[in-house]
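Please find the structures below.
Both of the next two complexes hold chain A, though its partner changes from chain B to chain C.
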Partner chain A sequence: MDQTNILIEKKAAEILPDYFTGRKFKDRSFLIAIIFFSLITISFVFLIIGSLVLRGYHQINWAFFTETAPDTFTAMMAKTSGQIIPGGIANGITGSLYLVALASLIAIPFGVLIGVYLYENSEKRYASVIRDITDVLQGVPSIVVGLIVYLWVVVHITHGYSTLAGSVALALMMLPLIIRSTEESLKMIPDTLKEAAIALGTPYYKVILRVLIPTSFTGLITGILLAISRILGETAPLMLTTLGNPAINWNVTKPVSAVPLLIWQFYNDPNMVDLIWSSTLFLMGFVLILNLLSKWIAAKRNS
Partner chain B sequence: MISGSMTSFHQFGWKFLISSKWDPTQGKEQYGALLFIAGTLFTSVLALIIAIPMAFSTSLFIGEYFRNTRMASVVSTLVDLLAGIPSIIYGLWGFYILRPFIVSLGLSAQGYGIFTSGLILAIMIIPYATSLSNSTIMMVSNDLKEAAYSLGATRLEVIWNVILPNARSGITASYILAFGRALGETLAVTMLIGNANIVPTGLFSTGNSMASVIANQFGEASGLQLSSLIEIGLLLFVITTIINAVGKFIIKKMA
Partner chain C sequence: MNETNDTTKPSILSIEGLSIAYDKDKFAVKDVTATIKKNAITAIMGPSGCGKTTLLRAINRMHELYPNISTQGKIKLNDENIYEMSTIKLRRRVGMVFQRPNPFPTLSIYENVIAGYKLNGIHLKRSERDEIVETSLRNVTLWDEVKASLHKKGTFLSGGQQQRLCIARALAFKPDVILLDEPTSALDPVATAKVEDLLVELKKQYTIVLVTHNMSQAARISDNSMFMYLGELIEYENTKTIFTNPKDPRTEGYLTGKFG
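Up next, the complex of A and B:
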């Protein structure tokens, strides 16, 4: 017994100095640093979502979803009498849904078509030009997209802030994401599938519509959901294109409100502070659900 | 855009780039973009400096140390969520939670300024830098790593001498692309930078950035001011496109 102890101590004496000064020590401390910084990174997610939930939940009630945003005066009255602010963000919710629906209507067909084109003609020169343009478009800051659409649509087509302009701006931001995800998910289809369809004498357009798109469908949906979740929270381009509207609006040539725009308005109005958190919580929840949904679909496809 | 900014270009010429006066007073209007360019660059560079250790660690965490484990997939999902959080929510969080925290630390009186906005930008760009460098780290071939291990190298030595030299260009490109993101961020910066039209003098000085001046003044602008704002937008577009092109070029060269 004693002898084994001595042996162990001897062994430890051999290893330990190395353990605290040498290569092993460096290795160990590097791993600890990595874990430490990674934990900091992911802690931000919890910090942000946690603070939103803590501050936002008590404003969420039925009226929050069915009534339009209150004006400053009502909010101030409610605040001084210690009640929660009446009204909700119905104009923002409908506006956001409307804008996103219009944007999807513009961006999805174009995006999927361009993605199919890039996949089918990946070696051609046009394809690489289009790919470069897509890259540039993806890198354009959102506020610059807003400026461009302001100059195109607001000034020349609708002559004033409008829903159409907002949805064009959002569509421009969706487009590169959808093109990319379409091309990537098409690339994952085995070539044999396409060749089998062609060997049966299927016309080219049917190969695309009946074979390529159905087989890559989950991939397409994932990309579209991700793109929608990305544009739902966009504020800067909307500030330059749709401006906001205190009432619910379904007219494409008139301004419309959106949840992020309302948050910006509440932020600039000291009486509305309580509403900020609930609308932010709502927006965050919506975006998170879309994000997780697309992840879940992607995971299901891969398994 | 070019035609929209022509009025301002004719008025100020190349001086627009180096003048730091921004004065919308009627009658003696004077516009220069230098202070906004400076504000944008300062915040973005600061953001990049803060983000690099975080993104580097997280990408090694996901791509090397805990590769293909449940832990790695949880962490990478969380990082993706971080990328999904809208800019305005970062801004609000920075305004109501980070800013008071910085004030309570005694770093600055109001909590606005270069440092605060750089910090929030850093959090925003970590996911972009992480996901790309993570995928290049995972692409380094196992044979090389195994050869190094068989020679008795520790994990750190493998990372330092095998993985990093092989993934270097991809990692650099990911930081450049993340930098491009930081340049164009609007609302989070607008809420935190202080919107003072001065060239920032230090880490805690206030300032203004290209994107936030557009967001703040666009509503009331007309004529020459509008044209100057559009010119700033054009500048921002050119700068980010160049940065992104450099990043993409590095990736292409690597592939």
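Up next, the complex of A and C:
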């Protein structure tokens, strides 16, 4: 350290009380600032969850999961007589699960295969083009995805709003996330493992299916869960592709409801306000569980 | 020069004018001709970047995994040109063990040993499997250490045990030749000694080709030694001869620690 610097510090230490000087003070105040701002950030998360629980919990009962959304008149009658709104969001819950399942069915095979391709050919020009396109796809606003799928699927294939269109839109949004997470988790596998399998005379496709994918399985699952929790809350693309349905629907060519779509519908109906909060609480809880699950799996992998 | 004086043993591999180039004219291996004796340990020595690993990998065609590689010349395994064989068949006859132990982390010890069969979709009866696993593990003196935990994952074993497990995995196919690429460089001295003893024991049944960075290891366990420098095979002799009376000044320089 510089000689003069030491002298200045010594001088300062004589003039000022100890804790106002030098590195210790800077260190302390920086730490306090970090804790302060992190607490603000964390408290927002708890405020969100807290207010959802407070406003939403009293609507959550058995019927909430098993019955479909009531019409606006029934809701108004219940409200004026001081009761909770009857019915639930079973059409939204089943619809969301159905859409996500179909979207995963489309996006996971494509995403994992493309991810494997990128990992295997990471040096090639073609691969870096695909990687760039994947990034572009990830950046496409969800409303644009919705519009494009409307044009492709709603207009030309199902000739009307449909579950298929909704799941295609969601699959397009999942795809870049799965491609990237597949590639990243395959990259974590040491090359020596691949060599071990090849040196045993294993055909190439089996090296991928029996060694690479099982070894990075937890990574793949984590990526898929995060992609699912990402699309569970998507509303804009669904409005343009599947619209919503007051009843439970399992027909892929017919419209289906989803929890975020119901939230939007409840928002537009003054009699349904109470259901907004319980539906949002459900959606938030579901996404939270998926997130925690993926974190737990990732932690298990690392241990 | 490229024939050892040891004529008592039949040869199993013959390398004929082998040249391997990365890119267009960066040769990793230059015109190597040598025959490798059956049931012997042949060590390949040389400084880093001399092409010894590439030469070793050429014997089971693992070097073809590197991009932009071109190979000239022949390697014959029992008079069959390996470059005309399918890699799948070849690699079952020529097993390989790597620098760092690399058991499959998702498989148990038992499954690791028969991984070659599993990955190739060869169906075995339970009794056959049990027998292969037991003999292979006994061959690498690992059986007594792991017989109680055969169905646990192989990754909890120590480094030395893992490396012996990898050797057992290579042995399970009953290959003709086993290639080892600096198999003890990641192990401690005790584990190294165990692996070395094991290799000496194994040469009764198998032919062993060993790349090593460690001259004293070559001196301790090998029958014949190759010295490679800048891709060329400088000297190939009976190990005793090469260590006591090297012909080429470069070999002498390496063995006496002048470079390397």
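Note that in this section the second predicted complex is superposed on the first by the 271 of 303 C-alpha atoms of A that agree within 3 Å, B and C clash if a C-alpha of one lies under 4 Å from a C-alpha of the other, contacts with A are read in each partner's own complex, and residues count from 1 in each chain.
One rule holds for everything that comes next: a residue touches a chain if its C-beta (ideal position, glycine included) is under 8 Å from a C-beta of that chain, and two chains touch if they have at least 3 such contacts.
Model, not experiment: these values are computed from the prediction.
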item: Contacts of A:Ile248 with chain B and chain C, given as first, second, both or neither; value: neither
item: Which superposed partner A:Leu113 touches (first chain B, second chain C, both, neither); value: neither
item: Which superposed partner A:Pro190 touches (first chain B, second chain C, both, neither); value: second
item: Partner chain in contact with A:Arg23 - chain B first, chain C second, else both or neither; value: first
item: Partner chain in contact with A:Thr215 - chain B first, chain C second, else both or neither; value: second
item: Which superposed partner A:Met77 touches (first chain B, second chain C, both, neither); value: neither
item: More chain A residues in contact [chain B versus chain C]; value: B
item: Touching partner for A:Ile133 - first (chain B), second (chain C), both, neither; value: neither
item: Complex contact set, residues of chain C against chain A; value: 60, 62, 65, 67, 87-92, 95-96, 98-100, 102-106, 115-116, 118-121, 166, 169-170, 173
item: List of chain A residues in touch with chain B within their complex; value: 23-24, 26-27, 30-31, 33-38, 40-42, 44-45, 47-48, 51-52, 55, 135-136, 138-144, 147-148, 151, 229-230, 232-236, 239-240, 260, 263-264, 267, 276, 280, 283-284, 287-288, 291-292, 295
item: Of chain A, residues touching chain C in the complex; value: 123, 190, 192-193, 195-203, 206-207, 210-211, 214-215, 217
item: Chain A contact footprint on chain B (complex, rising order); value: 1, 4, 53-58, 60-61, 65, 75, 77-82, 84-93, 95-97, 123, 126, 130, 154-157, 159, 177, 180, 183-187, 191, 211, 214-215, 218-219, 229-230, 233, 236-237, 240-241, 243-245, 248
